[in-house]
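Chain lettering (A, B, C and D) follows the sequence in which the chains are written, and residue indices restart at 1 in each chain.
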Amino acid sequence: MQLESPLILASGILDENGYTMRRILEEGAAAVVTKSIGSTERPGFTPPVVAELGENLLNAIGLSNPGIEHFADEISIAKGIRKPVIGSIFGASAEEFSTLASKMESYGADAIELNLSCPHVKGFGSEVGSDPDLVEEIVTEVKAKVSVPVFAKLTPNVTDIVKIAKAAEKADALVLINTVKAIHIDIYARRPTLSNAYGGLSGPAIKPIGVRAVYDVYRETSKEIIGCGGISNFEDVIEYMMAGARAVEVGTALKTAGRAIFDNIKTDIIRFMEAEGLDGIQEIIGAGVKR
Amino acid sequence: MQLESPLILASGILDENGYTMRRILEEGAAAVVTKSIGSTERPGFTPPVVAELGENLLNAIGLSNPGIEHFADEISIAKGIRKPVIGSIFGASAEEFSTLASKMESYGADAIELNLSCPHVKGFGSEVGSDPDLVEEIVTEVKAKVSVPVFAKLTPNVTDIVKIAKAAEKADALVLINTVKAIHIDIYARRPTLSNAYGGLSGPAIKPIGVRAVYDVYRETSKEIIGCGGISNFEDVIEYMMAGARAVEVGTALKTAGRAIFDNIKTDIIRFMEAEGLDGIQEIIGAGVKR
Amino acid sequence: MIHADIIRKEKLSPTVSTLYFHWDADVKPGQFVMVWAPGTGEIPMSLSHIGKEKAFTVKNYGPTSDMLIKLEPGQKVYFRGPYGRPFSVVKGKTLLIGGGSGMASLHPLINRNAFGLIAARTREEILFMNEFESGKVRVTTDDGSFGIKGNVLAGLKDLDVDAFDMIYACGPEIMLYNLYKYLKEKKVNAELSLERLMKCGVGVCDSCSINGFQLCRDGPTFTMDQLQYMNEFGTEKLTFSGTRVNVH
Amino acid sequence: MIHADIIRKEKLSPTVSTLYFHWDADVKPGQFVMVWAPGTGEIPMSLSHIGKEKAFTVKNYGPTSDMLIKLEPGQKVYFRGPYGRPFSVVKGKTLLIGGGSGMASLHPLINRNAFGLIAARTREEILFMNEFESGKVRVTTDDGSFGIKGNVLAGLKDLDVDAFDMIYACGPEIMLYNLYKYLKEKKVNAELSLERLMKCGVGVCDSCSINGFQLCRDGPTFTMDQLQYMNEFGTEKLTFSGTRVNVH
């Protein structure tokens, strides 16, 4: 998969509607990851599904999605512009994941991202993704089923992310990290703000946690890494790349900076490369890691 | 242990020197926890040992401490004012912990806090504190050895904090949470900012993670809980208490707000209690938890 | 979440009430808040009053609006915002076209230069009619129980829309879409405030998007120019789960 | 971390150099930064120049200062700050008393109303002597190789300290402590800038504290009044590991 820049739209942010994905690609993202799609339609949780915590966000959308059977249209609308669309999927078993993956591939997705990391829905996401054996099984089966690249998106809500990364070794790349499990309580209403109580924390707060995960996995494995978590400016992108990421995904920052963020960061990265005398951005991958 | 307010100084912040602890008590803290003390003198890591990330902090002090044999003086200086001083200790085995605990008790510490959670030193802290069997052994032995209350301070860097909390069941209270393992890379110097590379993230960024830990453990156990992580104003204190904490520890906020933070928060809590018609602050403990 | 005590409640119709509260914020006409009924849900609400005293005017529609409408003075409302791109305020003659509770978001624009066209299903549901200067308001009802029988277009028939410096409209998407098609032929300045499902309110969840524009951030108000490139407008939208369906 | 290119380097003595760089920040006399030599260490440094062009004046002392002093124009310095409570600036006659590299923090206070008393171990280590107006500076050296032989107190003997509106001092703790005891007897305004181990610079690690006051936050400058309640001053301090030891 060729990318014109390292900047990818993260799963779950502005990627449920094909037209939105297409616009984000037109306005500067190198690729988009779709919202995570499951086998059947799910309404997700009742609002409040997000809580604004300053620049950060707590969310429990609840994996709402139309079901894989209804998603073909969105992919083809998004693919109206010739840039990669990565299909994110979630399931409870290796079998479910591989069925979803082939459907996504048949719709034209340029790669598959396995959501092994959503922290707020029972039976899915990080519950699956914190079991190394299950992770290995899922990655192995999906790889056997599809020919497009397969990315495994991992959760930071584990004791040892390197262990999970090694279990996902057969994936073409690892996406690090998904949101961090968290809660916000409204002290006047005396209850959690999110209807689901538990949510996933994203935004600048989790950047040092994401950089740590990338750094750890880069040191301990030879996998390609896509960084994610709290990226909101070019410095964050460079930091993730210096920790070992080849590309990055951007999500919550769209709340503050809007869709223009991709173009703006791209401009700033070019300026940084000139100032630092870099010929290609690849030169910096892993440059900040002490070995 | 009686506290005049729920506000305790967290371990590792302004609590290496007895005179500082004493001043913090004089200026409004209900109790202080000492810096974590080990069996022998440790210089800790070479600076940079902290990185300022906005209002948050990344630190890898490296458990620098004079060794338990040299700490008696600091405790007695701190105890010049009649408020509780809680001795924090770290070790690698149950035996080491219990020796340290009895020494602390003999110095006059009013309670012992077991650091099972420092995320950046090999062989100590969270490496110990993510093994439920070892946690259980340590807590059991220390409880058998001392008669003052014993608090177990746990790490959020685990897949399931409730499991560790249950392993620490014999403790009189659980302190949740210590810092979150993280990294910051300086993109111009192209290396991690901290000399140790890895550090612990503290400050507002981790509050939703701490509240989640308290909420989880409150729902699943009947242990007393002391909340910690990212508290910088009265709302944060109330939020932790509504999640299930009886008291809280404050650390990084002293960077921004200074020592006056304890008195300021106390005033605001009283105002909140009046506005909300509360007779005692205990009324709100766990009030925000959905059962 | 922001919280405020309700200071007054006004029942405007059997199904519509206005809840007043103090909130020291700079809100512009057309902006909205996400209002939370703890334990029930969170929904977008336009601010119908934007002075020092703020208010929203809520129609009893489903579980959350039902809960909100039951609140009494002294109780708290919880909300976050303000969100959205406001209407552009112009000097000169304005035409306000409101369908149903869509009148709520137009209310701050009512002044002596404004002419109102209020579309309601039945007489009881007519909102804010008396706030226009006398002779400067026209009403249509679907059942003919008041004013002109018919929909908004019936009310526009003999109105010289060119004579207004700006037309503002808010209401159900189908009404707005028909209005859009009607106005497109004329040379007029118009801004339409759209309504779609909104889960986040802050431009991340994609539930409110039309052709890649987020209603909660790029809208809810759009100009005629912007609308002409939106083929989803009036035709397709996504449901709560994200399934693509026809608008009607 | 802030980073800046070194634009000039001036060697002031065999062991002391000043490194100049551009940094657009409002820094007051007596404030300091934490300077990072990547891969080596991070240490507190006063800003000796606080105009549009900033600089610090570093004495080769151990690994980190050694690394810094080797930097050349075009290379980068990394630092964070400014930190600390500045000297109070007064109108009127001032006396600046500097021991060793302590002169660095006093440098921004040199002006035509300032009288300097510079204490050095030997002739080569005298800093900034020529920046005072002629006749307005006095030097002591431990070895007598220049000026008065002896320590700071020898230099003060026949000076009428009451005649100054403010006395500023910076240097090793023992020097400051002796100075403090001397000045305590007189009726003078004085601010002493203390030096202690600093790990964090932001008031959390406790390595720089004196009697509960953080040098990095409440100091490094303290008034005579503040110092009188500090029984650790000049007597005890904590080492890098936190072990209590005597100051000398």
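General remarks:
By definition in this document, a contact is a pair of C-beta atoms (placed from the backbone, for glycine too) under 8 Å apart; a residue touches a chain by one contact, two chains touch by 3 or more.
Just so it is clear, the model here is predicted, and its values are computed rather than measured.
Any chain touching chain A that also touches chain B would appear here, but none does.
When chain centres are defined as mean Cα coordinates, C lies farthest from chain B.
In this assembly, the C-alpha centroid of chain A lies 50 Å from the C-alpha centroid of chain D. Chain A and chain C have Cα centroids separated by 35 Å. We define each chain's centre as the mean of its Cα atoms; on that basis chain C and chain D are separated by 65 Å.
Residues of chain B in contact with two or more other chains: 186, 188, 191. Taken as a contact graph, with one node per protein chain and an edge wherever two chains touch, the assembly forms an open path, each chain linked only to its neighbours along a line. Contact between chains, as defined at the top, is found for A-B, A-C, B-D. Looking at the complex, you find that chain B touches chain D at residues 12-17, 19-24, 26, 35, 41-44, 46-52, 57, 59, 61, 64-67, 70, 73-74, 186, 188-189, 191, 193, 195, 251-252, 254-255, 258. By the touch rule above, chain B contacts chain A in their complex via residues 53-54, 56, 58, 130, 157-159, 180-188, 190-192, 197-198, 201, 204-206, 208-209, 211-212, 215, 235, 238-239, 242-243, 276, 284, 287-288, 290. On the chain C side of its complex with chain A, the touching residues are 1, 3, 34, 36, 38-39, 41-43, 76, 78, 80, 199-207, 209-214, 217, 232, 238-244.
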